[in-house]
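One chain, chain A, links the two complexes that follow: it is found with chain B in the first and with chain C in the second.
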Partner chain A sequence: MKFQIDKSDFLEGLQQVQHVVSTRTTLPILSNVLIEAEGDYLKLSTTDLDVGISGRVKANIEKEGATTLPARRLFSIIKELPSTDISIEIDSDDVATVRSGPSFFKILGLNKEEFPPLASFEEAREFGIDQKLLKDALKKTAYAISTDETRYVLNGINCLLKEGSLTLVATDGRRLAMVEQDLEFPSDDETGVIIPTKAVNELQRLLQDEGEVRVRLSSSQVGFELNESVLVSKLIEGNYPNFRQVIPGDANHRVTIEREVLLNATKRVALLASEKSNSVKLTFENDTLKISANSPEIGEAEETLHIKYDGPTITIAFNPEFLMAPLRALDQDEVFIDLIDDMSPGVIKIDEPFLYVIMPMRVTG
Partner chain B sequence: MHPDARFDAKAPIEEKALTLIWRQSCNELKESIGDMAFDRWFVPLSLVRVTGEEVIISVPNSIYSLWVETNYKADLNRVLGTYLKNFGPMKFEVTGQGGEEDVAAVKNAVGETVWEQPIEEIPTHAPADLKAEIDKSKRKQKKNAADKPVRPDDKSPQRRHECPDLERLRRLGASAGLNEAHLFENFVVSGTSRIAVAASEAVTTEPGKTYQPLFIHSGSGLGKTHLLHAIGWRTLLLRPKSKVVFLSAETFANEYVTALQANALTKFRNKYRKVDLLLIDDVQFLGNKGGMQEEFFHTFNSLNDSHKQIVMTSDMPPHEIRKLESRLVTRFQWGLTSEIAPPDEAARVAILRRKRDEWELKVSNEVIDFIASRIHHNVRLLEGALIRCSMVEKVSENGIQISELENVIADLQTVTDCPRLNPEEIQEVVAEEYGLAARELHGRRRTARIAEARHVAMLFSRELTDYSLVEIGEAFCRDHGTVIHGINSLRGKMEKSTSIRGTVEKLRRTLTRGGSERSGGSEALLR
Partner chain C sequence: MDCFYAAIELRERPELVGQPVAVGGSTGRGVLTTCNYEARKFGCHSAMPVFKALRKCPNLVLLPVRSDLYREESHRIRGIFHSFTDLVEPLSLDEAYLDVSHLDSETATIAAEVRDRIREETKLTASAGIAPNKFLAKIASDWEKPDGQFEVLESEIDDFVYSLPVEKIWGVGKRTAEKIHAIGAKTCGDLQKLTLVELDRRFGKFGHELYRLSRGIDERHVNPNRERKSVSNERTYRENIESIEEGSEKLRPLIDELLDDVGGKHSNRQIREGVVKLKFEDFSITSAQRPMDKIEPHVFEELIQEAWVRGEGKSVRLIGAGVRFVSEQKKEATGPQLEMFDV
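Now for the complex of A and B:
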């Protein structure tokens, strides 16, 4: 196998797949990238057995073939090469010779037969989603995914395709983010799957603002095909908890706030949130919102925002991180905060189908 | 609340007490987390079990365990801590129906069952020398439960390693999950348990034929589990080749879930469908568990079809088990359903004396009579009281005063033995709280204050005593309809008014833990 390739094309291709490369050393082949030269393209694939990804880049193929090379190492070498023209030749023992201008590298690879094949989706259901829509929905929910491995069903985004809409939900038990989008798909394809965090992260990297992503679903795997790339992931098995139970009933009070103003004020006040309670207090009263925090041994902070509010005084404490996360992920100018009382969860909404439930912290004493 | 009045989680706690603790805790929780959150997350929850190792709270599905655990666990711990001490970490147990997929998985799994070959016939007679061998080696622990034609004492005791059969029996018993302390031999048969014991013995002589299944039910602490173990030992002794398995329904459920997760259902099924004698404790645990009932149904049928014996215990008769599928109810009733009623006083005395001898305690008959007269409904509590009294007797220098014992076992009698309350007592306590005379509660006057107090007293008479509505009515010089109406209207008011609710809960605390204070009068008499 022999090919010439442009440095930046090659780097881009490697960049796209190298995040998946396993850091576990138990199976050396998993730290390698599978390189397949065929036609006018070089196909690059990596996997950690849970998630697999492959993309292709244009190359000038002199002799077709395939091998695997250590992905991270290859990436660093290519990055440092002085010339833009790279020529690579691989011999029958999977030893790669890299030439570029004055540079010469020899890299030991592993046979392609050892590389675990990506799952195929022969009997899978297939449908298309607008890339931007999916990208947007993932961004608005992914930050709420739980990292608690004892509750593995929560270590991913719950995707429901039902009754003409796509619902994405993530929760860690203290907050919950949900996006609901209208989506056309065959009604007998109604389904719910949990896509693991790692796949969500990779997918977010791949998604762009235009075009469509083809989704393939089998009972235990999901595949995404977009922009010359394919992402395949195992699904999380198990039942996602009935998240609708978490969503509070009708709110008593709605406050409209400028998103960035709230975000920045919270960010500043949070600097003085005590490590122990890690909370900021929001006081809604007479057309003002006071955000305050104090740590006994450091000091205190307070920001006053002018809002429209004529309800009773409500004082509610939140974890500042949990309050800021959705504000960062959204791009609307205004957000709505729906409140019931001091002890009920708050809900952040926008004028699009998005909802974020945040549990209040009860500051003792 | 005085710390000593708290229940010790390391000692067994009656179900009734758990219910009370939970009810009280709920009221407090409501205060601290707000009605809205309470209604949403706590109404369907219940306190299932409290031990030194764990506190089990049942939740209908996984969102409850997630949300309550992450957001309200600290509150729960705090509130429970006012009623309990020494309790273990809190766990949430999903008892409701699983999601649709769960059920589907179970159905799928059931479809692929591999039916086992019929097992070879159980030998109807164990080798004669086994019994003899074991009888000979019988020592303190009294391991064998055999009907003994020969007195063991006429031969000199032999060393254990010379009794391979005993060792073998022990090994078999241990692997079946049997407890050596529970034998027919040390089960005190009283009038109320005679039928259950006879049925149990019959099961060991003719397994799978006479009573298939045998279903024993009784309140807690009356010896259901003891009988189950005893059946296991006797069967192993008579038929050493038979495969006996003892487990609680909960273990069954847990193993099932584990197997489901590990994709090892076939192994799980083989384990339970291949046994000759299946002893299942606390089968009421299956109530409300759809998928589990399906699995148990098939296990049951499989064993039944191959003429194996199943013995089950529960704290209530099959038809009263909540949310138990009717096909299981009827199957449970196929064979014999037998109840162990609480022992009468004579039996209680017999049990206590027996335990005294077995544990080699120095407790006088007088004390035993006293305990038997005070603690009625639960053998486990009797044992607890016996041990406490013996401790007191040991440390007190000039002999034990019966009157002192009243305090020693007070907490065992109070909530757990609520039936000691009667409407008259309740009337007195309630009247005092309202600043009235007790007789005003059964008088004709109906001012708001008197009526409210009357209704409160009716409510407690209903909740904390075993008296029927008619009897309660009589105590208030009313008919039972008036009692029902009174209680209902009070409950309505309690919903609306926190002050009434507060008064009621305060009184409830006084009534349920006030055993020692209230019996102050009788104590004086005893002196």
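Now for the complex of A and C:
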């Protein structure tokens, strides 16, 4: 196998697939990128057995073939090469010779036969989604995914598909983000799948502002085909908790507030949130919102915002990170905060089909 | 404790002293829970199927398990431990870690005193391992068994671990041992020759543990509040179960027992997931689990189906059903944050 390729093309292709390569692996082949030279393209694939990704880049193929090379290592070598023209030749023992200007590298690869093939889809349902729409929905929800490995059903985004709509939900049990979008889905029955975090992250990287992503869904895996790439992932098995029941019904009080103002004030006050409780207190009273925090050994912080509010005094405490995360992910100027009382979950909404439920913290002292 | 259950039985029936005695499943299909040294001379050991033990030692006296009696005895022995130190971490009914580093006396002297007290009060013998950490103490406790003790001093750690077979490392079972042997390492000394990176590459996170333990490094504290992580019931059947229908039927009483256990002693604990375990005719074991917050018989039903097909037609000799709990310690760590789901 032999080919010439432009440095930036090659880098871009490797960049797209290298995140999947796991740093800690018991199987050396999983550290490698599968390189297949065919026609006018180089196809690059990586997998950690749970998630697999492949993309292609243009190259001048002199002799077709395939091999696998250590992905991260290859990326860092290509990145440092002095010239834009790169020539690579692989011998029958999977030893790659990389030449670029005055540089010469020999890299030991592994036989392509050892590389686990990406899952193929039989009996899958297929449909299309607008890339921008999906990208936007993931951005609004993905930050709420749980990182607690003992609650593995929460280690992903729950996607509910039914005729006419797509619902994405992420939660860690303390806050929950949900987006509902119109979607043409070719089936009457509702389907729910949980897409693991790693696949969500990769997908977010691949999604662009234009075009469509083709989604293939089987009972145990999901595939995304977009631009020049394919992403395949196992689904998380298990039952997602009944999240509808934790979404509060009608709120007693609604406050409209400028998103950035709230975000920045919270950011400042949170600097004095104690390490132990890690909470900021929000007091809604007489057209003001007072945000405060204190650390017994450090000091305290308080910021007062003017809002429209004539309801009873509500004092509610939140983990500041949980409050700020959606404010960062949204881009609307205004958000609504719906409240019931001191101990009931608060809800952040916008003018679009999005909602964020945030569980309060017990106020101590 | 030395052959704890068997030793208690022999104390109760002195006429059996000198004979090979085992405690365990009486059906011939179960396994030995424990056996005395006379029986061990014939090659019997705990967890050995009864039929195998009887083949090795036809004169084996097999006694039924009397859990209540052993529990009572265990309670008495724990009382003795606590008269020396509050830092007692029980591992099982007959094994515990004691942290006595805060006491003035020589550690070996304390161990001898503890063992004397046990002998006086229970007429049973105990063995002790004395070492700077849990890992080494546990191994050392086997060194002079029965009725003995062995101390590994800080300065002796290197020599002690050097020739230690890798199987002695906590967490290294048959499979991992095979993997370690395959790379030419038989002892901790051999393992020490591998770099952390290499161990990581081959064994993932566990490689880091191997790196430390093979050097006799173990930083785990003696934790007197170790919480129960799970409860389960399992049963080995007189005859192998051929069909999933029959298996489901056998599962039901196990779930009832589980409901009793969880509703009784463990009613303050939150359930995290349910597990069904199967042991097939060829002694291979599989388990299927799913998150749940209360015992739902129909989910166990699905789990046994899921596990059953993995046998690919093999019959089943043992069925187990259990639940794993949400860690109380972890829950406490989250403090005042309210949760959405009662997990």
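Throughout what follows, the second predicted complex is superposed on the first by the 359 of 365 C-alpha atoms of A that agree within 3 Å, B and C clash if a C-alpha of one lies under 4 Å from a C-alpha of the other, contacts with A are read in each partner's own complex, and residues count from 1 in each chain.
Here, a residue touches a chain if its C-beta (ideal position, glycine included) is under 8 Å from a C-beta of that chain, and two chains touch if they have at least 3 such contacts.
Note that this is a predicted model, so its numbers are computed, not measured.
When the two complexes are overlaid on their common chain A, residue A:101 makes contact with neither chain B nor chain C. In the overlay built on the shared chain, the residue A:246 is in contact with chain B and with chain C. In the superposed pair of complexes, A:164 makes contact with neither chain B nor chain C. Applying the stated contact rule after C-alpha superposition, one finds that A:173 touches each of chain B and chain C. In the overlay built on the shared chain, the residue A:362 is in contact with chain B and with chain C. Counting residues of chain A touched by each partner, chain B versus chain C, the larger count belongs to C.
Judged by the touch definition given at the top, the superposed model places A:340 against chain B, while chain C stays out of reach.
Using the contact criterion defined above for the overlaid structures, shared-chain residue A:276 touches chain C, although it does not reach chain B. Contacts of A:319 after superposition: chain C is touched, whereas chain B is not reached.
Residues 151, 153, 171, 173-174, 239, 241, 243, 246, 343, 359, 362 of chain A are contacted both by chain B in one complex and by chain C in the other. Residues 24-26, 28, 150-153, 171, 173-174, 176, 238-239, 241, 243, 246, 276-277, 279, 317, 319, 343, 345, 357, 359-364 of chain A are the ones that touch chain C when the two sit in their complex. Residues 151, 153-154, 171-174, 239, 241-243, 245-246, 248, 340-344, 359, 362 of chain A are the ones touching chain B in the complex. Within the complex formed with chain A, the residues of chain B that make contact are 32-34, 36-37, 40, 61-64, 66-67, 69-71, 75, 98-99, 101-102. If you check the complex, the residues on chain C that touch chain A are 200-205, 272, 290-291, 327, 330, 335-341, 343.
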